[in-house]
């Protein structure tokens, strides 16, 4: 179910914050030393973070991870939980429970993938894209944001080479029709072996339609309000198509990554 | 090392700590060894499959949680076929929480659950009673007793009646359940609460109102245990906002023989182990050789001695 | 600047924020100008002098307070002679909270309080009813209605009925009070709670159980407002855990026309001013020109429009 | 009712912590810059302190105060509230509500006072004793503690000259009979114009008896669990003898300082 070994793969890791930095006007990135967790986590998995002052933990996709690498999160400061996370300082403790959920599928035999991210959805897809490049899989990434100030291309790929397409609301380039044409063009230019998306229901619908028409596999990472994040409480269900018909599956356990075509309109 | 074992009706538990229904599953076995718990308690099973409530199903509210999960599940038949075998892998006694829409449905389901591997049935009588206009069985002594009595006639397993805080007289409901044949009481289920989302100016939960649990609910649950423990002679299992050994000791002192831990596991998944260790440390520090000596020690007179 | 005025029965208040009974007195005038409040609410007065409960009378419990003050006071006659003149110095309407042991004592006291300077009587029917074995009037519709009806016959002043959370069916009690002639409801008084002092293994309060208030109680009070506002047409005044303008807006959206602030003043003595400013800022930010437009906006259907 | 002027004498002052230091094994002292409050407070008055993480404020006698002087508190680390106060660091904010309550009477015409303090009771009496010396009133201070490690003579008088008598449980010198004899001896040596006590019910009874017998005035500062500390809630009552007979008075408002003989056994 996840990459960690041992009889008790899920733990609350007390990591030491080594960077806590605002990104643009609305986002924040947090890096912590949590070696065991960072080594175990797979792209698309998430952690459940204790936020000082808030009662419930907050689910957060892993944005950076790897053996010998710090564990990173990139998030929008939305409310009290994320504000508290953004208030953590170097040297503070970050209590991260994980690794949690089912991550993305990445086949080393693939030649190219297309990634379609909107807003903080790019935090969820960033680790996948970087891992793909490290496996010699080409990445075309279409990143959609409100305006250039909100665009986090740098946060998405860092120094890793990718084909980036940036679209914004402010100049109309992020309009679904325009993005649809861009995806079609990419499919023709360099047909991907798989597509991935996160961050927008509208773009999810769009990608479902195009990928289905082209017969390309895909996955989507989705969000839902969570209680336990361990599969215990059934708070986080979303309607998912399964071979046995539509079922309410737990985003924290059967997800947050689902087959692209299985995610029902919501 | 103090003696942590407790007796609840016919059952002996290795320690007084178990999960609260709906906040637990075999999945927690990925975090720690579930065989260290005093008992296992399933999420409520229902006679028929149920889809549950619209999302959002949980909301944070100060020091607590609101939930309106709606008891989704595949129904009792599928539960026995697919889930029970998974539970049988664990060592601690298995308590199956049962929810049903009528007294006779409670009885029928209790009969179906009387199988190898089930140690006791916890009757979640806080659910709506279709024969009483949707009011919960546990809101009044009469319907609560009717559900328990019907189950009593249908199973030889111990029956734990799980009471609701949403009543004007919990002690009367407690007495009615005892008289109807309950072997123990679980006190209590969540209390009805509400939160408004200021962004939408609509309820924060998809279903509107929800059940309030966690630390903010603790003083109320503790009071209910205090009232019920003085009203009955059967054991009371305390539940509501317990997150630490100290919380648990408060419940034991107020009359509980054992405790259930619910929402705290969402914050610290190994909370139940911390509660066990905390109780043990308290007993050692304060010279209690048996945890059962704590039961009811804060009550006006020590009526709880007689209770098993 | 939004219009903050609200109408409660016959009274118009300059803003919807007032203190909760028992947590307020002229002494708070040392902290801020009490004329900025929508109304003043006295601690409950009783027909006879009362000494109150043994100490400790308060205990902290997580995000809240337990109290068992026991309504000490010098009795209504001395109150009118000595305290009322002090209250008359302030500008906001004076609401006198009244507690009495029988329906006829409520009536007699209401008659005595029908004097110059008193704008309304708040009936604290959460106190024990000597004619019903000490159960609170507000626990059941019948006794609650009897107390209100008796007062209705004895005074021309507006009567506000202050409901209790310690009942199985608050909506039924609310309807009964409305039918008996209450002009408004205050929802709600404290809910019964308990804390155990682990040092002594005895209740933390001298009296044992106590009333639970503050942030941890808020989701329950908000739910009671939601239920009562849908059950009656008279205005509902929300009370329970309100500490900020945002808390107050939740209560207004759930159906309240005004709010009372209690325990929060113990933490921030100027909390009521912050609540007034917070409501005003919310209205401005979200384009509500009148605070009264918020009342009931989160309710399933907007029944509250009709309510005054 | 207190020394401050203006129509709204009581306020929540946000002071800046300038010292936070453990004293012995069980005590802690806290100094904060809160000039208006420090100038307004009288010996025997108290503040209601916000303790990070605890819900209710905690009442605390003022141990150091004065125009141009930092505001100081000296307390035993008893539970979560005082532990949180002890956790404050230099530069942190201390939210102190005050000044509150009725302080001690100090008549500039007096020649000598006797002060009898037990445990942290000396925190309450320290400012009184120092103020007395500054008015040229001699101070005899009998300080009682568990053992020399708990004795805070230094914290009590600082560099201000006083006649100190230190008694401990560990060598039996704090036994009430022994302390009684010591007080009698002081009354003979240098009869005080007034006596003051805080911190022990047993020593209070003892001093009541001796002072009554010698016809010497006195005052006692007492403690009680508080809610509002403003006189609103009647949580903090103690049985006090008044001209109209015994009454339950509010420690936060009619006290915390009462006439020595008026405080009833409890």
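When the chains are written out, they are named A, B, C and D in that same order, and each has its own residue count from 1.
Definition applied: a residue touches a chain if its C-beta (ideal position, glycine included) is under 8 Å from a C-beta of that chain, and two chains touch if they have at least 3 such contacts.
Please read these numbers as outputs of a predicted model, since none were measured by experiment.
Novice: Per the centroid of Cα atoms for each chain, what is the distance between chain C and chain D, given in Å?
Specialist: 37
Novice: Between chain B and chain C, tell me the centre distance in angstrom, where each centre is the average of that chain's C-alpha atoms.
Specialist: Here chain B and chain C have centroids separated by 33 Å.
Novice: If you average the CA atoms of chain A and of chain D, how far apart do the two points sit, in angstrom?
Specialist: One centre to the other, that is 59 Å.
Novice: Mind pulling the residue numbers of chain D that touch at least two other chains?
Specialist: none
Novice: What are the residues of chain B that contact at least two other chains?
Specialist: Each of 62-64, 215 in chain B touches at least two other chains.
Novice: What is the shape of the graph in which nodes denote protein chains and edges denote touching chain pairs (line, ring, star, complete, other)?
Specialist: line
Novice: With touch defined as at the top, which chains are paired up in contact here?
Specialist: Touching chain pairs, listed by label, come out as A-B, B-C, C-D.
Novice: Using the touch definition up top, name the residues of chain C that touch chain D in the complex.
Specialist: Going through chain C, the ones touching chain D are 22-25, 27-28, 30-33, 43, 51-52, 55-60, 62-65, 67, 69, 72, 214-215, 263, 265-270.
Novice: In the complex, go through chain A and note every residue touching chain B.
Specialist: Those residues of chain A that touch chain B are 1, 7-12, 50, 54-57, 97, 224-238, 248, 253.
Novice: Using the touch definition from the top, list the residues of chain B that touch chain C in their complex.
Specialist: 61-64, 66, 139-140, 166-169, 191-196, 198, 201-203, 208-209, 212, 215-220, 222-223, 226, 241, 246, 249-250, 253-254, 282, 294, 297-298, 300
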